[in-house]
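For clarity, chains are labelled A, B, C, D, E and F in written order, and residue numbers in each chain start from 1.
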Amino acid sequence: MSIPTRPAPLFVPDEVLDRLAKVTSGSLTTQLYKKGYRQPVMVGLKPLNTPFKPFAGRAFTMRFIPAREDVDTYATLTTEPHVNNLQWVGVEEVKPGEVVVIDSYRDASAASMGNMLITRMKMRGARGVVTDGAFRDGTELSQMDFPIWSAGVTATTRLSFHHVADLQVPIGCAGVAVYPGDVIHGDGDNITVVPAHLAAEMADLCEAQDDLEGYLAMRVQGGEALWGLYPPSPATREQHKAWVAAGRPPIKAA
Amino acid sequence: MSIPTRPAPLFVPDEVLDRLAKVTSGSLTTQLYKKGYRQPVMVGLKPLNTPFKPFAGRAFTMRFIPAREDVDTYATLTTEPHVNNLQWVGVEEVKPGEVVVIDSYRDASAASMGNMLITRMKMRGARGVVTDGAFRDGTELSQMDFPIWSAGVTATTRLSFHHVADLQVPIGCAGVAVYPGDVIHGDGDNITVVPAHLAAEMADLCEAQDDLEGYLAMRVQGGEALWGLYPPSPATREQHKAWVAAGRPPIKAA
Amino acid sequence: MSIPTRPAPLFVPDEVLDRLAKVTSGSLTTQLYKKGYRQPVMVGLKPLNTPFKPFAGRAFTMRFIPAREDVDTYATLTTEPHVNNLQWVGVEEVKPGEVVVIDSYRDASAASMGNMLITRMKMRGARGVVTDGAFRDGTELSQMDFPIWSAGVTATTRLSFHHVADLQVPIGCAGVAVYPGDVIHGDGDNITVVPAHLAAEMADLCEAQDDLEGYLAMRVQGGEALWGLYPPSPATREQHKAWVAAGRPPIKAA
Amino acid sequence: MSIPTRPAPLFVPDEVLDRLAKVTSGSLTTQLYKKGYRQPVMVGLKPLNTPFKPFAGRAFTMRFIPAREDVDTYATLTTEPHVNNLQWVGVEEVKPGEVVVIDSYRDASAASMGNMLITRMKMRGARGVVTDGAFRDGTELSQMDFPIWSAGVTATTRLSFHHVADLQVPIGCAGVAVYPGDVIHGDGDNITVVPAHLAAEMADLCEAQDDLEGYLAMRVQGGEALWGLYPPSPATREQHKAWVAAGRPPIKAA
Amino acid sequence: MSIPTRPAPLFVPDEVLDRLAKVTSGSLTTQLYKKGYRQPVMVGLKPLNTPFKPFAGRAFTMRFIPAREDVDTYATLTTEPHVNNLQWVGVEEVKPGEVVVIDSYRDASAASMGNMLITRMKMRGARGVVTDGAFRDGTELSQMDFPIWSAGVTATTRLSFHHVADLQVPIGCAGVAVYPGDVIHGDGDNITVVPAHLAAEMADLCEAQDDLEGYLAMRVQGGEALWGLYPPSPATREQHKAWVAAGRPPIKAA
Amino acid sequence: MSIPTRPAPLFVPDEVLDRLAKVTSGSLTTQLYKKGYRQPVMVGLKPLNTPFKPFAGRAFTMRFIPAREDVDTYATLTTEPHVNNLQWVGVEEVKPGEVVVIDSYRDASAASMGNMLITRMKMRGARGVVTDGAFRDGTELSQMDFPIWSAGVTATTRLSFHHVADLQVPIGCAGVAVYPGDVIHGDGDNITVVPAHLAAEMADLCEAQDDLEGYLAMRVQGGEALWGLYPPSPATREQHKAWVAAGRPPIKAA
């Protein structure tokens, strides 16, 4: 008996990524919830780069397991591809439009990687890097114009505690399943995972929700009560359409 | 047999709140410790609004329990009051001078609420909002001139994991008991809970302590040793009085 | 039978401290890893002072145990040395060039100390203070030009939960062994512990590594791939030497 | 505006409880999963009574919050009903067929109750008691013929850390929502919560599943492979029916 | 300035230990609570020896810190006393009537010690051994007629992660302060710490409480309600005295 | 560039497994420590089968990631091999002498598997099954003559929270790296991982250590002090050899 294999992931085109990069995690999580997805957010991760930079990209996954003293030595930081140096292989495999997502099994006791490799991925056209562990070189990373999300900053070399076991396999990251090719979305709040087959539909739904909610927020700021207004009743939705048709005039206080 | 019920909470007047808003959590916790209260601080919560804004208000409580798939659906976000939409009810019940405190049983896997409801509470005159879970819309909240404290930022919709079970009952929040009407105090450091019956006394004690400690801090900055100076000896307290009487002249280096 | 005692710690001179203060935690952890030290970093601690301030100093240790109601009372905040007020004793024992490291057994439920004692230690010439618990007075501390690292900010008075049991004994802090006299190093990323006997050697090794990696980072930013470049091959090391010899000219994009 | 209130809970009759007490948590969780309930199990709780005793009863809930020094004193252990002694009130309100479920917010640092109150509830006809904290008197409880589930054994008096804030309100217990009147089920493995409106249907479904799976287990023990057998194919279901019709003859090894 | 030192601990005589060994942790924690001690119990520890064996002894403390690769090597398992082999020193210093309490800072990733050292301490007259980490050789220990309490069983050699830093200093163990000479009490439920100066008084109070509660438990088992009976009213206390005076006759069902 | 692949694992023969099954985890961890392996133990796992059964087998690995609502449905419990039913594939791929090790990323919120699949693996000749999550059907498993280790018992169906992502890849289990083919060893205390290339050497070393330590334990039980005896001095080792040569006569009390 042979082990069944997964089909190649769907390819989400750049124009969908570009639209998704502009929607909010609030709309994404609500719309994904309506489709049955309870937890698409990597709870607890934060951006190191300041100010943060909204983005969306195709997931390129990297899987860690605990290091072992005979396998993970300084000698594995080879200058050419090697099965025990898959991290370098991964960095040099990343393609434009991808976001590297690292399953560090929520262990921040050593760095997932640091400034040098992240710079290289940026140069290769990656759109961001995410780990549920930590990165080193936090000071440099904080000044990089590149989305870098983690659970912390730890200088300890990866070799102390982590082994890179696989590239481009399904992983868990901060409690969320990530399949290669899924859309990884980041705004100022969170990293959200969008299944590849829903990417285009989510762009439509979230653009509409963000626009409507922006309108409602102004009315709430104007002093209106929630009842009937938010969540939007059919009448409210009509008022929104009329407001859009009217050229989005200023909202007056109630 | 009927179940005994609690008497209505004491009402702490606004002028006491205004005085408490100006004292430090350091003095509050020390004075409460002297009265026998070991832990009045909600350890681990942080303000989302930057810069932070000191405040004090009367607790309005909201209690969460885990969501259940048959109870907590998108349909419960009703446009009129409903037993399964107590969150909206709570927001529209908040009165000026109150601080909404949410018992999210320390679970940040979904948002306690977001920008829209928090804006509405601010419009209604609330003085702040606190959860031991997370809020969504962190980016907008960070720019709001309103005290917003949480254990994190999570976009995931509340419906995924939380049900609002009760309003205005005693709760625990980040390990501290909160009874409706207690004073919720926030400075740049922490959220501190002051039992309502101690509010006025605490204002007196902490104003005095803050003034004395400000004086002592200048003397320590001036190079004096702790022994005899801090904690203040009777002689030091006399020196403080004299310094106040003298019009608070500059402290010279020792 | 008597209990064997430890020899006095090595004294790391100020000039070594000054050199170490300038190297990065990335280089330190890598070089310590090569010597067999897997975890020299206090994972999870962050600087309260902003902007952070790189430093290195000799460890002065303070050990906490849980408070007990009969031992730890407000009366122990004495104005003269007392066995139950070792915290004041410690503060007044700190010498120039030392960093106070507090073993709060990772319990942030009360403050390790606050503004007044930290100011006093700074006045005495300390180079920083570190706890794996929390400090109070975070607002004041954030503005102090002094390295202050902790796992959080908690106003609760130390007396509620902590007793100072010992000074200048080996401790654990955030999972790392600290022997009095070890070098405590902080940059913008982490606190790293350097065994005293390795301090001078580490200064040599890390200065060299930081210089080489700065050169390599520029080449990576210039577009070069990792293979052969980083980790540095013998050829790359020669190129670095030549670049240094040539007066460190600008690196062009590849 | 008044706060909407919940309707009275459904009453699950004793005969349904008696049937549910005989089904397995394995079947219950599978059938609840098919209805959309992902987590009906209180993960991590264990029975103190040995040997364990399968049971099912109607939930009677008791809600804890953190104790406060001025509210929770030894004097609250009154000999008559009192708002600060709701625990005694609850024990004397329990009715036959009920299971007391305590929301101790997963804090086992003090006992939820002990031998005396649990004995009293047993005498009143309760079918079990569950806490996500701890009980004291574990030695006596281990020998009681009564289902007693907890996260641990702690002698510390409840007064140290817990206040009983409410009776018969919706709670969370070990991460699961419990509404008064829900069926609380325990076998040798876990506590499972069955929404009251599903109780009778679950009895039907689980009796059928347990019977089928018992048959399949014998076939697997007889050496058959899983493919086609388990999960049961239509043919396998027919074979099960035939086996039942044939009087459940012994299963031979494959 | 010299560092103040602690006076020698009080010596609790064996006859008090023998009386305390017979009282329950339930009574001890209640009586200690009445004196102001909120948490005298090492929450989460369990006995490895089965059946458990009630005991009380004078605390002999052993303090661990994290191991360091250059200090903690196999070579430190010396055959004569050495500063880096304080564990052996401690074992050979234990005196009859003592209980060894190990502060493993709640880290069970390596063994605190194993069968050989524990056997040796038993031979020397120790009354038990407690760690908030783990022991190895759990299988042998489970069959030893000696109280052995821990948070788990881990075979990993202590050298991997723990260094013995001190003997006979105040420690924390599972969150409770232990001063050398305190009484360490274990029954079937928990380890409880009794401050030495309260040992004799606690023996008196707990013997009385245990006797009274045994009587009340029989009345509750007989069907009486809690109100008026438990906590005992003055009338109930009189009834208890009368019952004792009458020779402790059987209690009939109510 | 192609991704480098791992060579096939070493095959540890059954006779080495049989020898290893008889040595203790205490000796294994000590000997592995001497080779540089700090943590070969899966801390926190316990056997469900009682009494426990010592074993050693070749690792067959199964990797979990978080479930996703669109991928993990009841429909994936197919009756023939399918990429989303790798668990069934794995069970039917297990070969005699193997131990199934499941990386459930330490999440016990749903079962890794239950009675039916474990029975099937036993029938196929597996030597045990290990997860760092939980199993369901704990009652049945406790009576099975088969080594079954986990972090708990949870009835919740795997589909709720876990997806089987891979078979026979390197994994982490309870913090320890496991490569397919490694020896998984269980005694009454722990699961220990032995790298395949060290299996035969470990059998030699541990048989010798266990024999020597058994002898020393008897001498300690006879009343001898540790100094000079344990760790064994050269003289002690000679005495052990003489004792073996003399036919292992009874050890008298010192």
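Here is the rule we go by: a residue touches a chain if its C-beta (ideal position, glycine included) is under 8 Å from a C-beta of that chain, and two chains touch if they have at least 3 such contacts.
Every value quoted in this text rests on a predicted model; they were computed, and no experiment measured them.
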**Message:** Counting one step per pair of touching chains, how far is chain F from chain E at the shortest?
**Reply:** 1
**Request:** Considering only mean CA positions as chain centres, point out the chain farthest from chain C.
**Result:** D
**Request:** Please state the rotation angle, between 0 and 180 degrees and to the nearest 5, that superposes the Cα atoms of chain C on chain D.
**Result:** 180
**Complete:** When centres are defined as mean Cα positions, the distance from chain D to chain E in whole Å is 33
**Request:** Just give me the whole-number Å value for how far the CA centre of chain B lies from that of chain F.
**Result:** 50
**Prompt:** Measuring from the mean C-alpha position of chain C to the mean C-alpha position of chain F, what distance in angstrom results?
**Reply:** 39
**Prompt:** Which positions in chain C touch two or more other chains at once?
**Reply:** 38, 81, 92
**Request:** For this structure, give each pair of chains that are touching.
**Result:** A-B, A-C, A-F, B-C, B-D, C-E, D-E, D-F, E-F
**Complete:** Touching chain E in the complex, chain F uses residues 24-26, 28-30, 33-34, 38-41, 43-44, 187-190, 192, 213, 216-217, 220-221, 223, 225-231, 233
**Request:** Going by the contact rule at the top, pick out the chain A residues touching chain F in the complex.
**Result:** 1, 3-6, 36-38, 65-71, 81-83, 86, 89, 92-93, 105, 163, 165-172, 175-177, 195
**Message:** Using the touch definition from the top, list the residues of chain F that touch chain D in their complex.
**Reply:** 74, 77-81, 88, 91-92, 108-110, 114-117, 119-120, 123, 134, 136-139, 142, 152-157, 159-161
